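Supplied in structure tokens, the structure appears directly below.
Note that the chains take the letters A, B and C in the order they are written out, and that residue 1 is the start of every chain.
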Amino acid sequence: MSADRLSSVSKEVKPESVLLHPLGTAAAPEQELLCIFGTGDLGRSLGQRLLQSGYRVVYGSRRPHSCGPLPLGAQATSHEAAAQSAGVVFICIHRGHYDFLETLAPQLEGKVLVDVSNNLKKNIYPEANAEYLQRLIPGAHVVKAFNTLSAWGLQNGPSDANRQVFLCGNSAEAKQAVAEMSTKLGLTVLDKGSLSAARELEDFPLQLFPEWRLPLRVAVGLTAFFFFYLLIRDIIYAYVVQGKDVSFRIMVSLANKVFPIVSLIMLCLCYLPGVIAAFLQLYRGTKYRRFPDWLDRWMLCRKQLGLIALGFAFLHVLYTLVIPIRYYVRFRIAEHTISQIKENTTSVFDTTTAWRADSYYSMGILGFGLFILLGITSLPSVTNALSWREFSFIQSKLGYLTVFFCTFHTYLYGWSRFLNPSSYKWYTPQAYLLSLVVPSLLIVLKLLLLLPCVDRSLIRIRQGWERNDPEDSSAKALLP
Amino acid sequence: MSADRLSSVSKEVKPESVLLHPLGTAAAPEQELLCIFGTGDLGRSLGQRLLQSGYRVVYGSRRPHSCGPLPLGAQATSHEAAAQSAGVVFICIHRGHYDFLETLAPQLEGKVLVDVSNNLKKNIYPEANAEYLQRLIPGAHVVKAFNTLSAWGLQNGPSDANRQVFLCGNSAEAKQAVAEMSTKLGLTVLDKGSLSAARELEDFPLQLFPEWRLPLRVAVGLTAFFFFYLLIRDIIYAYVVQGKDVSFRIMVSLANKVFPIVSLIMLCLCYLPGVIAAFLQLYRGTKYRRFPDWLDRWMLCRKQLGLIALGFAFLHVLYTLVIPIRYYVRFRIAEHTISQIKENTTSVFDTTTAWRADSYYSMGILGFGLFILLGITSLPSVTNALSWREFSFIQSKLGYLTVFFCTFHTYLYGWSRFLNPSSYKWYTPQAYLLSLVVPSLLIVLKLLLLLPCVDRSLIRIRQGWERNDPEDSSAKALLP
Amino acid sequence: MSADRLSSVSKEVKPESVLLHPLGTAAAPEQELLCIFGTGDLGRSLGQRLLQSGYRVVYGSRRPHSCGPLPLGAQATSHEAAAQSAGVVFICIHRGHYDFLETLAPQLEGKVLVDVSNNLKKNIYPEANAEYLQRLIPGAHVVKAFNTLSAWGLQNGPSDANRQVFLCGNSAEAKQAVAEMSTKLGLTVLDKGSLSAARELEDFPLQLFPEWRLPLRVAVGLTAFFFFYLLIRDIIYAYVVQGKDVSFRIMVSLANKVFPIVSLIMLCLCYLPGVIAAFLQLYRGTKYRRFPDWLDRWMLCRKQLGLIALGFAFLHVLYTLVIPIRYYVRFRIAEHTISQIKENTTSVFDTTTAWRADSYYSMGILGFGLFILLGITSLPSVTNALSWREFSFIQSKLGYLTVFFCTFHTYLYGWSRFLNPSSYKWYTPQAYLLSLVVPSLLIVLKLLLLLPCVDRSLIRIRQGWERNDPEDSSAKALLP
């Protein structure tokens, strides 16, 4: 039954990576022999890749003769024999099956054991798999590595997948050996220290956007708040007071108010912490005092805040552009035209309104354009292509320009509406007024920081100058 | 005439990479000397880069004194002298000129020859250039390398170009030497085995989107089918039956039906194979049985299917947003308004229609927004920044949400139209009905898989459990 | 007061990179000891990273006992002691404080000094910091490195920041040592030669889009010209001749003429140099003659020209799609409808106009779609995933298709307007006519190059053939 075993993943192999060149392995007899325990997806992919990179590979299996199709050029034998033959053994089996390794302790004595295992959930075991393995075979040098790579990634080479390998272990030589192997596979290595880091490494593939949690919560919270705020003002008010059912406005009109409002606020929220930090440094007269935790946490999720804001802005644009196609809008326009004729009234063209409306759109478009630019430059590959100064120029200078355009866009939208008492339904202000609080605050604070005198002392502080002790220099001679 | 030779490409050098530092080479006298045959684009670029990385370089040329401007710090001499002086010789000349190398066999005896050549077409020579070179000079250790890099890429350093170097050869030491050289140039190496892999490496730069072929064929096929289907129903039918010439509708109206339909179908086609595979595994009760080839091939081009679908969706959006500016639409609207007045009829506002229309747009916008998100996360640099779990979360969970939104969007578009007999021109159903077949099927199948019982056993299978032989465990103890 | 010093940047540490594993350092006693002078942001980040990568770290500080919180596992001592203890010393202090190092000359004799410093401005010092350091301590081997990495980037590992390290220095061994260190940190090294390259390396982080200067100047110039050209024709003319104030048209109508015009011209400007180069090579009958400098400079900024053009096209699309929501447009449409009724005239539907208008939009949409595709493929990570042939296929073939679509789009926009004498206000042609000059020229030239005979000889030239001396072959046998 296990005749032609090959899992779906393991089958997803690029043509060229399938045809191996055993001749190559033959031609270079002095190549190192590596042992792999487990003939599963990862075991097979790893073996294939090692063979391609010029190693010889032997698989350890309980059923060496029926363990399915192995990569060309690899042999399979018993666990004992395989372990004996090689200095490095890759453990590509589930932690659940580690126990049987204990019986191999003598053969594995002094060998380098590479633990590549992952778990399906966090904290289901008291200790990390690699630590457990080390406990089972104290005589071996366990190194945790490769577990952050997928079988898929391994097979298609680093050009397709992440080429970063994290490893940790208690033996420096063992780590060195695995590191050299990795670089031969075209991967770059980052040593994370001793085996006590294994847990961290094993949790990595299980993490789900940790740095996005806070920003997403903020986004959901703001969206919910403004949705209900507008629901009450626009829909329920109309129903209760005017007895009109305009519930259909929820789908587009309401959405198109919530999205831009939340987008604007979140855009400003990703620039506010920087300003607050600056004022804190000015107030303290030093940059060496640690910021309060809430500010640190806020700082760390600025990028995410900005990207979510961009997403909402994008939806706002689509919702706006779809307006003229809407049945409701077309109906109203026709109705208006007809009524004009019936009452034989002719509305006169108001240049001011034209100016206002057009500038309103223009500001929005330019703001959105810049916003997209910010988004593009925060793509990893683009960021890496920028020098530090270029990146900060775009993210701060252009960022504030975006904030300005979008805020001005909102002011133009409101125009003189806030003067109109009828717009204060149930004594609540219009939503756009609420959305302007944070941006206005941000812009005022930023303008204060741009005052020459303030700016100068801030730069001095950022360069390491301190108000309190002017003599101590070398300790704080830091690079900007 | 060869006074100031320098080809256009070879001139495209970043300022800093032009000004070299021969002093550096002078300051470190024990640096390795490398030899380059051929003073062409690649020869020059390679030499420049090698010099920058601290090697000494000598060019072998037939006319050492008139072979044009070489990188600063490099000498040129006869092929014989150059070959003698260095242990590694880069062959940067066309295969067409290899024959003369035969005369240098004695000087090249035991040297490492790096073949960097490419051909202009596939299969124009019986054997790979590198293999041919090895045949010409059996005494040398030929290594195929660098041919996948462009002169352009070499000069501007890995930050601009792909930093992956593929190499192959029969001598492990020779490959090792070239590999170390490559890492010194800031490149990462992937050993592809023996010289028999040379053909594969030489074909690589000539490949033109191999993995895009199938998806593009599907896209073209679907587009053609729906174009003619709609042409007959919308244009020809109107001409034949109603005698109206509405041919102008081809440009926008028709396009705006074809693109969304094909987009929706292709989006579903990139999720369907996963579902089929799941059912196959459930049916077989194991994941170790190889999938039929058609399913494998289908699986491998899911990403491409999705990206083409995204492109079509993007066009659909633009075609939709352009509607209200169209002369035809404006004319019809005005006509409608006027007729209303003439006949003094006033159409009443229908809340249901408003609900339907607005939800229809809202679904479309949200679906498109998610679709864009999927597209962004499939950018190499973004994919690499995601953990395996994060990637699969986005591509599967959010992917199905996209499918749902877009399908619902289409259902809302159709609404009750399919009940209208007049819409069955020439007994053919409307195109949108056809487009709903695949999505509906996909969603039903997916819902079946989400049933707790089904889901549970599928997970067990994916973890390596098998219905047939429960005892055999270690052999299939695979990492997910 | 220096109790809990930690600068904002230095605090921006990922959770996992904070918890270090001193046990690891303990477990491997033979690890190399490195010395860091300066406990600032970069000093601390560097130390942390070195510790994570398995090195032991000792800080040299003037106040070893009050130099703030150092990374776990690092000791702090006097500069003298620290210098003595380690073979490699990282100088993480401001150039302004280098002078005190002179006193340590004896301890630093023969050591490798890694200068990681940057300046705040270009050319504020007569010589590079590293060269100055070398002059202060002639006995040491100064290596310039890591200065292009940010403290931020160092801490979060290469996956987040650019992994490229540039280094230079006069001692090859010293450079080798630093290079090995860098690869252990998961970075890739590019040797830039001797210490005379230090200035270049120190200027790198200060550069601000050097390759964007020229294209931006062109963009600004063209935008300004067409803005004023249209201001005069559309606004001022209407005011002077017809006495109408249509100044509000500046915000949208005018912008929506300037952006597409500049976009089209710049798109063509990024393909024109290639065509010119081809004709030059045809005329000269060789590809080995150096191009005039202006052409080279032009060639080097093609990508930037294209991207700016894409940005303008994007704005054009938004400005176009916003048209139907504009107050002005709605007013005019209503006005038109009303007048029709009043005068009881009924405009007849013109199929030709419908054809023209719809094709005009369709061409624009398809052109923009392709343009976006070009933009995406020029993202670094996407470019790297493409083979050379694939890249050139997209950038040239699809590029010219884009040019064709956009030009055709503009022709359709103009249609027969240029025949209308009233459109020549003040004897000036319409702006779109001016915008068509470059594209038309480009297309004509390109078509000439596509003539079989011309194409054939161009290919021959590009393969190294020369009209003048047919016999000399090997010297110019270049890879394409």
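Criterion: contacts are C-beta pairs under 8 Å (C-beta built on N, C-alpha and C of every residue); 3 or more make two chains touch, one makes a residue touch a chain.
Computed from a predicted structure; not experimentally measured.
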Query - Lowest number of touching-chain links that must be crossed from chain A to chain C - result: 1
Query raised in the report: Expressed in ° and rounded to a multiple of 5, what is the rotation angle of the C-alpha superposition of chain B on chain C?
Result: 120
Report summary line: Residue numbers at the chain A-chain B contact, same meaning over half shared and different meaning under half, come out as different
**Report entry** Between chain B and chain A, distance of the C-alpha-averaged centres to the nearest whole Å
**Finding:** 23
Report summary line: In chain B, the residues touching two or more other chains are 159-160, 162, 183, 188, 204, 321, 324, 337, 341, 379-382, 384-385
Query raised in the report: If you look only at chain C, which of its residues touch chain A in the complex?
Result: 1-2, 4-8, 11-12, 15-16, 19-21, 23-28, 30-31, 38-43, 51-54, 61-63, 66-68, 92-94, 96-97, 100, 116-118, 120, 148, 150-151, 157-163, 183-188, 204-209, 245, 247-249, 251-252, 255, 311, 314-315, 318-319, 321-322, 324-328, 330-331, 334, 337-338, 341-342, 379-382, 384-385
Report summary line: Counting only contacts in the complex, chain C reaches chain B at residues 159-160, 162, 164, 168-172, 175, 179, 183, 188-197, 200, 204, 210, 277, 281, 286-291, 296, 299-300, 317, 320-321, 323-324, 333, 336-337, 340-341, 346-347, 349, 351, 353-355, 357-359, 361-362, 365-366, 368-369, 372-373, 379-385, 387-390, 393, 463-464, 468-469, 472-480
